[in-house]
Structure formats: C-alpha cells, structure tokens
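In what follows, a single structure is set out as structure tokens and then discussed.
For reference, chains read A, B, C and D in written order, and residue numbers begin at 1 within each chain.
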Amino acid sequence: MVKEVERAGLPVVHMCTVTPISMTVGANRIVPTIAIPHPLGNPALEPAEEKALRRKLVEKALTALQTEVDGQTVFDD
Amino acid sequence: MAKLRVVHYINQFFAQIGGEEKADYPAELRVGEVVGPGMALMQKFGDEAEIVATVVCGDSYFNENLDKATADILEMVKSQKPDVFVAGPAFNAGRYGVACGTIAAAVQEQLGIPSVTGMYVENPGADMFKTKVYIVSTRNSAAGMRDAVAKLAPLALKLGKGEPIGASVEEGYIPNGVRVNFFEKERGSARAVKMLIKKLAGKPFETEFPMPVFDRVAPNPAVKDMAHAKIALVTSGGIVPKGNPDHIESSSASHYGEYDIAGVMDLTAETYETAHGGYDPVYANADADRVLPVDVLRDMEKEGKIGELHHLYYATVGNGTAVASAKKFAAEFAQKLKADGVDAVILTST
Amino acid sequence: MLRGTILTNNPLVVEKLGPDAPVVYLQCSYQALLEAARDRIHQGARLLTHPLSGSVKPGETPYKSIILTNGKGDVDRQSLQLIENAIQACAKFQQRCDRYRPAVDLDCRLIDWTLLEGALASANQ
Amino acid sequence: MKLEIGNIFIKDIQFAAEAKLADGVLYVDKAALEKIVLEDETIKSVTFDIAKPGESVRITPVKDVIEPRVKVEGPGGIFPGIIAKVDTVGSGKTHVLKGMAVVTAGKIVGFQEGVIDMSGPGAKYTPFSETLNLVMVCEPVEGLKQHDYEKAVRLAGFRVAVALGELGRNVAPDETKVYETCGIKEGIEKYPDLPRVAYVQMLQSQGLLHDTYVYGVDAKKTLSTILWPTETMDGAIVSGNCVSACDKNPTYVHENNPVVEDLFAQHGKTLNFVCQIITNENVYLADKQRSSDWTAKMCRLLDLDGVIVSQEGFGNPDTDLIMNCKKIEAQGVKTVIITDEYAGRDGKSQSLADADAAADAVVTGGNANEVIVLPKMDKVIGTLDYVNKIAGASEETLQPDGSLVVELQVITGATNETGFIKLSAR
C-alpha cells in the first residue's frame, strides 16, 4: 500500500511496529511505533503522557518526510 | 455441431490501415470479415469455429477514449452474440496490449462471454490483466504470430466450449495466480535433480512455484516547506467512524473507506472505532488516535508546524503480511490524494 | 518446569496437566484460538510451538494447543508471521469437524494433546 | 559403501497352502502370516486380501505401504533397529520383491484417511494402484489405546513384509542394480570436477500418527545427521505417519526414495552424490531452529555445492522447509526444494504457510485441495464408514450413487513431496 502511494509521486512515511515487515512491503521512510494494537499510544500511560508520546512519534514522522533518503531508511534515532 | 461464433479484436496496424499515424482510427465493426491475424486463427479453428466479425480500433483512439471506446466495442461484440471473444495477439506493443487486456476483460466481465488475448510477458498489459483474462504468452514481435496463434486458437475453442482449462504450462497462458494441477512427463525428483544441475551450472531454470515477489519504488523527494504542506493520513489499521458506515470487512476487505475529518479535533471512543480483525481492538476502540493521530496533527496544524491536515483520510484493514489486495485500493486513493493537492502522506499500520 | 503459557481449547489438555499447570483454557474455535495467540504476540509474547502443528488440517479438528512465552515488549517478527500465515491458512480448508461423531471428537483431542506432549518434552529438557 | 539391489519382478500374488516365490508368482500362506501378525497380543484379528491393478477395488483407510525386501549379503537386516538388529545397513546385497506391496489398513483414529483406488480416475493419482497389493486389516483387542494400536499395526506390517521378503532370498533376481557412493576424500579425488551434492530429507516428527523412525529411534528426538544413501534402501527409515495421506511418506517411499534414486542416476556423471542428510519437523520452534542450523552446518562442513530438500506433510513443515532452504543458501550452497501446495479448492489461496525469496527453485507435487470425484468401486477393502470424516472429504462426500467427492488430500501419495509422482501444478 505504502508503495502505491510512493509510486503516485507522494512522499510517504510508514509508521509501523514491526519494521522488518515495513521493509518487506517496500516503505522508504519508516518510523517504528509502540505496539501492534496501539502503534501511536500506550494505554499504560496517563492520557497527557500518552499524547506527548504520540506527538513525539508524529514529529519524528514529519522529520522523516523532510529528510532526503536514497533507499529504505528507518528513523529510530 | 454448429461452429462456435468468434469475434476478433485487432488494432489499426494489424488491420493494415496504417501505423502510428493512423492510431487514432475509431472503433469499427466489420461483420463477416476476417482481417489480418484472423486468417491464421480461422485456419487453426478448422471446422470448429469461425470469426463472424472483426472489431478494428486504433491504439491511440482506444487508450485516449477509454470509456467510450470500451462501451462502443462492448455494444459491437454484443450484437454479434459470439461464443468466445479473441483480442490480439498484441506481442510487445504496449498500448495495443493494454487495449486487448481492457476489452477482453470487459467483454468477459460485463457480457459474460469468455475471452482470451495474447501478448509478450513484458507487455504492460500482461501484468495489468493476467489475473482477469487468459493471456497467451507470445514472443515479443509479430514474427511469433504462428506460435501465438497455435496457442491462442485451441485455448479460444476450449473457452468457447466451456471445457476445463489446464495449467498455464499446458495451455500456454501467462500464469494468473490460480494453481492448476497437471501431470508432468517426469516425476518430481527427476525434475528437482535437473533443476539443481542447471542452478549449479549458473544456467537459467524455472521454478514451479514462484515465491511472492516484492518490487521496490524509489523514494520521492523530501517535503521542503512543512509549515505550508498539506499532510494526509492513511491507515491500514481499519479506523472508521463508529458503527462502520461503509461496512468495511474485518479481513480481506473488498473496499476501502474514505472519511471526512473536517472539524474533527480528536477521535474518541464515542465517534471512532476499528474494523480491523487482525489485532485486539480494545485499545483502538478506546481511543482511535492511538492508530490514526488526528489529535496531535490538529495541534500541529494550529501551531503552524504543518500547513494543513487534509480533510479526507483513507482506511483499509490490510494486515502487514497480506499486501496484495491493498495494492489496488492504494493506487486508487493515491491518485485522489494527488488530485487534492496533498504534499505528503503519513501511513500508519498496526 | 515450563516457563510460558499453554493456550488451548482442548479440555483433554486441562485434564492431563492438572490445575497447577500454566494453562489458559478458552472455549472457542480453532481459528479463535489462533487469534487469541496472535493478540498475545502483539503484546510481545513469542511462539514456542508452531501454530499449525499436526497434519490434521484446520477445519478437520476443532482443537489447538499453542505454547507461548509470557514475554512482554517488542513484537517477535517470526512469531507474528507464523501466526498470521496460520490464520490465513484456515480459510483454505472446509469446515467439517463440527459433524464428527463423539468418538472422533475424542480422537481429535488426543492427537492435539500428543502433539503438545512432544513439544512439552522439548520445552522441559 | 556399495549395495547391490536384486529386483525379483512379481507378476502375481495368490493365496496358497504353502508360501513360496516361483516364476514371479508370490504364493501367500494366509495362516502363517496370520500367526506372525497375532504374535502381538494387542491385535485381535487380521484379514488378508489381494488387490490388483485394474480391479474395481478401493483400499481405505490406508496406514502404511511396505515393499518386501531381504538382506542376502552384508551386515544387518531389513528394518534395522525395528525388526532386525541395529547394525548399519546399506552394503552387500538385497533382494526386492518388485511390483508388489504390503498395505496395512484399518481405522486407528476416526478422522484417518488414505485411499488407494486400483482403477478409475483415482488410480492415476496414487502410485500404489500400479503395485500388486497384499492388504492386511488388523482389528485391535478391545480398549486398546490409539498409541498402542498404531504401533501394533506398524510393526505387524513390517513383520509380514520381512516374512514375504524372506521368500525371495534364494530366488535369482530378474534385474540387478549397483549403488555406490564414496567417502569425502575419495569422492573429491575421484570426481574433482563434479559439483558435490547431497539430499536433505525432512522427516515427519510431530507426535502420534506423525512419526518417523530411523534405526528404531523416534526422529523427533534426533539431531540432524548423515546417512549413506543406500541405508534407506534397506529400511533404515520407516513410517509411523498416517495423517495427510497425499504428502506423507509411506515406508515404501523411504525404501525407494526417488531423490536418492535420481541422484544416483547422475552420480559420477553430472554430480557427485555425497550423502543423505536427515532432519526432522518438530512442533517445538527451538527444535526447528536447532535442526535447520545443524543441517546448514553440515552442508558447509561437507563442502557441498548443492542440495535437494524434500518435505513431508502440511503447515508446520513449511516452516522447516523454508528455514532449511534459507540457512543452506546462506552457507553458499544452492538448493532445490520439493513441496506440495494447499492453494484451496479454487487454487487461488497462498500455497505455502511460509515463504522466502531464497526459495527460488521449487518443485511442486500439486495442489492437494483440488477436488476429484471417485466413482463407486465394486469392492472396498477396509471400511468406508468413516469417509465423511476423512481429511479432504466433506459432508457431501458420499454421493447417492456411491461415488466420493474428495480433495486429492485423501489419496495416498497423490502430492508426495519427495517427487515420487508426476503430478505438479502451475
């Protein structure tokens, strides 16, 4: 799916938990996330903390979109 | 038994109207005429079938007037009440191949008339239509006409008679993803030994079961000006408005969802949920932002970190490992995103 | 002693291993059991046994027992792929075990148990 | 290691008062065989029957198929560690009763399967429609547990096959074949320019009804190891596997392993057949990892250039197959794998439960889900009362006219994964 978006000419960042799968499906910009049932959250945290965590991940995604890459790249700091 | 009725489709070149300069030739029905490659087909059909009409259409005309040309040709084919429809063969001619695939698939799907075409395996039409209609594998130029017709005619007859179709290697069609049994001449172990000897010698060999392949697309340039960029959200995590209004299936979905989030600042348990059957839905149902980060992006939109969050998002239920079905959906909504002036996409998966 | 959890819908497993064993018994279908295992894998558990153990195909037996670790944390890719493939494979087979006679049902329980027993022997070494 | 196989072509089997093998006719003394079977007090009774190619006969549910053999010269005996003592076999001279088989049938568990049709459309899918079959159906004593029943029938089949093989001891074979491979150093010196090739055989080893025995040892308790390819011709590997009829390896297939046979055919010509590596297909994932690691390690240690890997069974073994393939390829050793497919009745589903790009050379035994109609046969050996319960059968299996609508799964050997048959798919 991510590949088709890329093919259409749009830069795309794939936020997903199991990065090897993301590699397999051909994503170029990859941001690892927390867990499969809650990639952009963590129910164990307080709502405010959880949102901050999500914000950090989305910021990372935006950074990825603003970074030139020449192949599959995982943005995991 | 009466002869099977066949309608044959060819382009302007094979109808000897002309080359590229005549490619805008509109669709034309020639009742009772057998044109160009149709002669060779007729010979192979013998007493069993006859071409009752030939449709001729220019390649540019067809591809530039896709909807009209398809509709017109469907009417022409329908009027002749054929038992089977044959298009091409198109060899390596790209636009001709796409036209053959398009019209053969349309005749089969919309008129319920079995159809077959032929082309070179690298013709773009082959990849686009091999799962929709039988495409006989031909050489890459019209020099392979004899060989192409030798496979095309018997397959057309079988289809016309409603006989079972054998495996791709037996019938000569491009593998279409449907596995069909047949008996080889040698037992499996002997085939394995031969294959190994070839592989060891660095010679080409053909696997009997190709593993699913993954192609690659080069990355697009980065977003230069995020503060003015329009960002869209896409998810394979199945986030849908509460109640799943489009009835997205929990797995192997037959369609995708397009949802308007204009004015939506936060996804809540009351308003959104997941339709995905591939993971424990408890966490996403409680707060769908955990899969589709609308809340955070709205904040960033307000702060001017991004230009705008696109008012539509797209959702499917593709599991990470099952990507094939999602491909078609994605190709479709990616075009919409582009048309809507989106600059970049965040795709979240579970 | 087994460090892990046995997820099963087979009453015979409960009976054989007794109340002290780390068994989670679910009264559910074969596929639902695979899905329950998948949910645990998503939370970071790893598979210790193959989810398609046994040549008795999905649909031919209602019973399935799977051993997983109790781990939390990162998702194990291999476990994830095995379980996804197993769940997908269910769709390929016709459902017919619901029409078995009682004696056959007991045979199904036994086979599932013996497959698990072999794995437990390996796990406990 | 050199083994001479003397084939005695069997043209007919008849019941007679005195057991003998003369002019290609096997005379079977039922009473004597019955005594051999009933040595095991867990077997209550046994019936013998003969099924010949072309007859309107259906044998079901089949448990094992065994070829009678006898060790004429050299150490050990047929089925070492099980019937004969555990001496290493595979050298000397062995006589084979070619063209016949002992078929054990009988219901061990309710959902068991295995159909051999001696004629009709089903016959072309099973290799055992071409053999003269002596079928034995064993009834257990009351209350016998499935484990014990399986074992009793398995061993009874071997005892009968050995007793019949013994009749060929002093018969001059119609055909003699010599199979010989050499030690590592010798092979390198003898065939310096030929690629070094081995056969990696995966053995079903998941549990009750899913087991294989090597020299009497349960394969699930073994580490991957090496055999001379001739050892299996003397019955070093036997089947205790009666589930998944289409892609399990009956003992007959082990005795006549087609990969061994076809690698021998090229040995010294296009390749140097170094050895056979056997490995298992356990349920426990760490076992899988260990076994495939060892297989790959041995491939490297033996300086192999290529291997053929064969599989047995459905689902779980797909993972072993892919692990073996990937790890062996990673050692720089080229692989060809043999498998079969479960692509659904319509052929559209994903065939294997596992996949990897390293598996670029695959031979397939066909789609086991494909549906076939088996017309009614005049005679059934065994029982049909389970047919609605067998793998690949559905509620509508038994039609009013007596025909069976089944998937190829139920036919013994239909999609064999050692390449024993010609069926394939694309």
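Going forward, a contact is a pair of C-beta atoms (placed from the backbone, for glycine too) under 8 Å apart; a residue touches a chain by one contact, two chains touch by 3 or more.
Note that the structure is a prediction, hence the values are computed from the model and not measured.
**Q** Between chain pairs B-C and C-D, which one is joined by a greater number of C-beta pairs in contact?
**A** Counting C-beta pairs in contact for B-C and C-D gives the edge to C-D.
**Q** Could you please state the distance in Å, as a whole number, between where the Cα atoms of chain B are centred and where those of chain C are centred?
**A** 38
**Q** Between chain A and chain B, what's the gap in Å when you average each chain's C-alpha atoms?
**A** 29
**Q** Taking each chain's centre as the mean position of its Cα atoms, how many Å separate chain A from chain D?
**A** Here chain A and chain D have centroids separated by 50 Å.
**Q** Which residues of chain D are in contact with two or more other chains?
**A** 343, 350 - these are the residues of chain D that touch more than one other chain.
**Q** Quick check on chain C: which residues sit in contact with 2+ other chains?
**A** 39, 42, 80-81, 85, 88
**Q** What are the residue numbers in chain B that touch two or more other chains?
**A** Each of 214, 279-280, 320-321 in chain B touches at least two other chains.
**Q** Which chains touch which?
**A** In this structure, the chains touch in these pairs: A-B, A-C, B-C, B-D, C-D.
**Q** Under the stated contact criterion, what part of chain C meets chain D in this complex?
**A** Listed in rising order, the residues of chain C that touch chain D are 47-50, 52-57, 60-61, 67, 78, 81-82, 85-86, 88-89, 91-94, 96-97, 99-101, 103-104, 107-108, 110-111, 114-119, 122-123.
**Q** Where on chain C is chain B touching in the complex?
**A** Against chain B, chain C makes touches at 38-39, 42, 80-81, 84-85, 88.
**Q** Given the complex with chain C, which residues does chain D contribute to the contact?
**A** Those in contact with chain C are residues 109-111, 146-147, 204, 206-210, 220, 241, 243-244, 248, 282-288, 313-316, 318-319, 342-345, 349-350, 353-354, 369, 388-389, 391, 393-395, 409.
**Q** Help me check something: in the complex, which residues belonging to chain D touch chain B?
**A** Residue positions touching the partner: 124, 195, 197, 258-259, 261-263, 265-266, 270-271, 305-308, 310, 334-336, 338-339, 341, 343, 346-348, 350-352, 355-357, 359-367, 370, 408, 416-426.
**Q** Going by the contact rule at the top, pick out the chain B residues touching chain D in the complex.
**A** For chain B paired with chain D, touching residues are 167-170, 175, 177-193, 195-197, 199-200, 205, 207-214.
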